[in-house]
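Please find the structures below.
Shared between the two complexes below is chain A, which pairs with chain B and chain C, respectively.
This part shows the complex of A and B:
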C-alpha cells in the first residue's frame, strides 16, 4: 500500500464530495433536519390512561363508568374493534368481559376477564387496570377477587419500558444519517465510472486495493463523522459510549460495503438514486419497529440494519451493556464482514 | 531497428465467439510513431486495452519496455501515458488539480503543472474548473495529463478527433515533440492525413488482424498509382484531365509533348492516399 497514493485519492474524493452541491446540501440539510426532528419530538411519556371496554352484556357498575363523561373509558362494539383500538393506539388498554359474566357471578364463579395492553403502555397501567376492574366487580357483586384475568400485550412487549418519542427516534435517525452515505459513496463511485475517470485512475501505478482503501476511508469517515456528530448533539453517548461508538463504526463499515455494492450494480447516477431509495426503505424498517413497537415482527431480523438499530436502541435508550447486546454485535460484525467483502469483490470485478 | 519499446506476439482476444483481435504480431521501436488504423470494431481499442493492462490477453504475449502486459501492469503503468478518446477528466476540479492528482498518483516530485499547461496552450486557465472548458481545451488537458509522468510510451486514441484545426495542430506538435524526446507513440486514428503526416509506420487493422504494416511512403509505393495529372483547356474550351504515368521512362517526353501541344492550366502529381490503400487492401472504408 502506497499511502501517498491513498492520500491523493482521499484529497480528490473529499474535494469532489464538497463540490457535489446536491450531496453536500443533502448531508447538511439532512443532519440539521434530523437534529431538529429530535428536539421537536416530545421528551415526556404520555401517562394519561386511555382505556376501552368490550362487553356483550355490560354489568350495571361498568355501564355507569362508561356513561360518565369524565371517564376515559370507551365502549367498543366488538372484540375486534377493541383490539384494533389498542393496536392503533386509540386505547392503551382494552378490557374484555365475557358474555356470561353476570351468570358466572350469580352462580358464585369467577369469570375470566381478558385485558389487552398496547406495547407502549406504562407498567403502572397494569396495576391501575386490575384495580379498576376489581373495584367495579366489587361494586357489582359486593365481594372481592371475583374474577380471573388473561392479559395480553399487543405487539412487542415493552410494558414498563416507556421512553420519550424523541429517544425512540434516535436509532431511526442514526440509520437515516448512515444510509445517506450509501447514496453519497455509491454516487461518487458511479460518477467516476460514468465519466470514465475511474478508467484513467486504473492506468496509473495506483493499485485496486489502494483505490478501495481510499474509498473505504472516505465512506467510513463521512458516515461515522456525521452520525457521531448527531449522537453528540442528541446525547447519544450518555450511556455506554464505547459500545455506542463501536456499533456506529460497524454501521459505517456496513454502509460503506453497501455503497460499494450499490455502485457495482448500477450504471448511472439515476439508477444509484432509484436502487438507493429502495435500499433506504428496507434498511429503515427496523428503525420504524423501534418507533412503533408491534409494527414489525421477527422477519425484520433478516435485515442487517436490525442489529444496528436494535443495538443503538438498547444501548442509548436503556443503557444495555455487552452482556445484553453482545449477541447483536456479533451478528452485526458477521453481516458487516459479508457485506463489505461482497461489495469489494463485486466492485473489483467491475473494475477489472 | 533501434531498441524495441513494444513487442507483440500472436496477441488474441475474443468476446464470446467474436474474435476481436486475432493473433496479431508487430514491434515498435523506441522513438517511433506507429499509427494504428482501422474502422470501428476492427480491434484497435481492444489491442490498446491489452497493451495498457486494461484487458488481459486471452492468447499470445506482449511486452512494453520488456515488461509483460499480463503480469507487470504496475511497472507498465508507471512508464506509459494514455490519452483516451473520450474525455474523462474531473470536471469539477481545476486543470491544475487534475494534473496534480495524477502527478501524486505517479509519485512525480516537484511537479510543475503550470509549465505543462503552458506547453499545451492552457496558460492563464490553470485554475478554471474543467467543466467550463471547450472541447479543444479539454482535449489539450487530456494530452497534458498523459504527459504528467514523462512517459516512455504514449498511447493516443483519436487525439484530434472533432477538434478545430488550431487545436489539432497544437496536439500534433506535442506528439512530434514527444517523439523528439525519445518517447514511443502508439497513435490510434481514423484521420489518414494525420497518420500520413505524423507516423513513421502505420498498421492497418481489419477484423482483428493486421492487414498491412509499413511506412506510409512504402505503402504508397507498393499499392499506390504514381502519375501526373494535367488539367488542360481543349480547343473547344472544355477543361479536361490528362494523365501521365511516372516511372515509365517516357515521362519527360510525354510531359514535354503535353506542354507544347496543349494549354496546361495545372500540373500535379497524384499519389494514392492511405485511405485509398486501406480500401484496396481491406475492401472497407475507414469510416464504416
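This part shows the complex of A and C:
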C-alpha cells in the first residue's frame, strides 16, 4: 500500500470539503444545534408527587404522609392557599380535610374529603391521590392491611439520583451524528460512481485497497471528529473516557462500513437518500429505547447500533467499566468487522 | 406556464424516476413510523405507574386493577419474564401473586406477594402503586370505605395524553421526509448529472420543471400524511381543515426543498443542511414533548404555525375559527416561500444554469 497515494487522495477529498464552505458551516451549525438541544432539555427528574394538603386537624395517618420525603406533600394554612397552589401550578393536587374529620370517624360517620386537582393534570394522578386518601383513611380507622411482601430492587437503586432526560438523550444524539456520516460517505462514493471519477482514479497507479483506505479514513475521521467534539461539550467523557473513545471509534468504523454498503447497493444519489433514511430510522431504534426504558425488548439486539448506544449509555450515564460493557464491546467489534468487510467486498465488486 | 409540460415532467419523474425512492418514501417510511409510534409510543409518555403481574393462581385483583385504570397493568406468564421486564424498566414494579393470594387476603387481611422494583422507578410511582394495590385489594375483602371523596377540577386547561400530542409530529415528520427531501435531492441529482440543462433546452421552462418537482413533493407529503392519519384513524372532528393543513405543510416542505435544491451543490451539503435544518423544522415537536421548555420558543419555528393547527384540530377538536390565525400565518409563510422560489427560478432562467451547479 502506497501511503503517498492515500495521502494525495485524502488531500483531494479534504480540500473538496474545505472548498464547500456552506457544507462546513452547516456541519458546524448542525453540531451546535445538537448541543443546544442537549442544554435546553430538562436537567433534573421530577420524581415526587406534587401535592398539597389543607387539614385544620391532621389525622395521625395523614401526618405520616406529610412527613414522608418521597411524597413532597406541602401543608397549606388555608383552603384558599391550597386552591391557589393548584391553580398556579405549585401543586397538581390538593387534599382538603374537614375540620371535624376525627369526630365524624369517632361517631361512625364518613367525613367528606375534597380533592382539588389542576384540569391539566393527568387524570390518573387524581385517581392515585384518591386511592392514597382512601388507604390512609382505612389505616386511620383501624382497618390497615398487612403487606407480606419480599421486595427486591432490580438494578442500581436510583431513588433520588434519577438520570435526567438530557443525559438519556446523549447516546441517541451521538448515534444521530454518526449516522449522518453514513449518508455523507455513501453519497460521496455514489457521486464518484455516477460521475465515473472512481473508475478514473482506478486507472491511475492507485489500487482499490488504497482507495478504500482513503475513503475509510475520511469516513472515520469525519464521524469521529464530530461525535468526539459533541461528547466533549456535553460531558460525555466524564466517566471512563478511554472506553467511550474506543466505542465511538468502533461506531465510526461501523458507520463507514455501512456507508460503503449503502453506496454499493444503491444506484443513484436519490436511492442513497431514500435507503439511507430507512437505515437511519432502523439504527435509531435502540437509542429511543434508552431514552424510554422498557420501550424495546430483546429483538432490538439484532440491530448493530444497539451495542453502540447501550455501551455509551452504560458508560456515560452509569459509569460502567470494562467488566460490565466488555461483552457489548466484543459483539460491537464483531458487527463492525462483518459490516466493514461486507462493505469493502461489495463495493470492490462494483468497481470491478 | 404550460400545464401540459408540467404533467409531462411530472410523469417523467413518477414513471421514469427511481422507483425504490418513491416506494420507500411513500410506503415504507410512513408505515414504519406509524407502526413504531403506535406500538411503542402508545404508553411511554403516560404518567401512570406501570405494574407487572404474574398471577400463579386466578386472582380477582388482576381484573380489578385493569378496571381501575390508575396504573398501567402488564401481565407476564412467569416470574422470569416479570423479573426481566422489571430490570429493563418496562414496569416500575413487578408482583408475583401466589396461588392463594385471594384466600390469604380474605382470611387474614394480608396482601402476600413477591415484589420486584425497577431501580430507576420514580419515588411517586413507588408510593402510588402500593396505595392503589391496597385500595383495590379492599374490594376483594369487601371493606367499607370510611370516607366520602369529592374531586373538583380547577382551571380551564385540558390534559392531553402524550400519545395524542406526539401523533401530529409523526404526520409532520412524514410530510417533511418526502415533501422536502424529494424535490431537493431530485434537483441536486439533476444538476449533478447536467440533465436539468438538457430539460431546459426543450420547450419546458425552468419554472415548469420546478413546479413539477414541487407538485410531486407536495403530493407525496399529503399522501404520506393521509396514510398515517388513516392508519391511526385520526382525522378528528374536522377532517377537511386537517387535510388542508397537511396540504399547506407539504407545500411549505416542498418549497423549502426546491430552495434547498436550487442553492445546494451536492448531496453531502444537503445532508448537512438537513442535520441542522431538520432540527429547526422539528423544533416545535421537542417543545411540545417537553412542557418544561418555554412554549414561546415555538413561535420562532416556521413549522410551529403548521403544527399548532394540526394539534388543535386532531387533539383539541378545534374548528376553523380556532386555527384561523396560525393557518393565516402559515399561508403568509408559504406565499413568502413561493415568491422566493419564483425569484430563484427567474434568476436561474436569466443566467446560465451552470452558474448554479
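Note that the second predicted complex is superposed on the first by the 234 of 352 C-alpha atoms of A that agree within 3 Å, B and C clash if a C-alpha of one lies under 4 Å from a C-alpha of the other, contacts with A are read in each partner's own complex, and residues count from 1 in each chain.
Just so we're on the same page, contacts are C-beta pairs under 8 Å (C-beta built on N, C-alpha and C of every residue); 3 or more make two chains touch, one makes a residue touch a chain.
Note that the coordinates shown come from a computational prediction; the quantities given were computed from them, not determined experimentally.
Once the two complexes are overlaid on the shared chain, A:206 sits against chain B while remaining clear of chain C. Looking at the shared chain after the overlay, A:75 reaches neither chain B nor chain C. In the overlay built on the shared chain, the residue A:273 is in contact with chain C alone; chain B does not reach it. Residue contacts after overlaying the shared chain place A:127 against chain C, while chain B stays out of touching range. In the superposition on chain A, A:195 contacts both chain B and chain C.
Look at A:15: by the touch rule set out above, it reaches chain B but stays clear of chain C. When the two complexes are overlaid, the chain among chain B and chain C that reaches more residues of chain A is C. By the document's definition of touching, of the two partners only chain C reaches A:281; chain B does not.
Of the two partner chains placed around the shared chain by superposition, chain B is the only one that A:4 touches, whereas chain C remains out of contact. The residues of chain A shared by its contacts with chain B and with chain C are 20, 195. Within the complex formed with chain B, the chain A residues making contact are 2, 4-5, 7-9, 11-12, 15-16, 19-20, 195-197, 199-207. Chain B makes touch with chain A in their complex at residues 52-54, 74, 77-78, 80, 82, 84, 86-93, 97, 101-102, 104-107, 145. Here chain A touches chain C in the complex through residues 20, 22-23, 26-27, 29-30, 33-34, 37, 40-42, 45, 47-49, 68, 70-71, 83, 86-87, 105, 110-128, 130-135, 137-138, 140-141, 143, 145-160, 162-163, 165, 180, 183-184, 187-188, 190-191, 194-195, 266-275, 277-278, 281, 285, 288, 292-297, going by the rule given at the top. Those residues of chain C lying in contact with chain A across their complex are 17-18, 20-21, 24-25, 28-29, 32-33, 36, 40-41, 44, 46-50, 68-71, 83, 85-91, 94, 104, 108-124, 126-128, 130-132, 134-135, 137-138, 141, 143, 145-159, 161, 177, 181, 185-186, 188-189, 192-193, 264-276, 279-280, 286, 290, 292-293.
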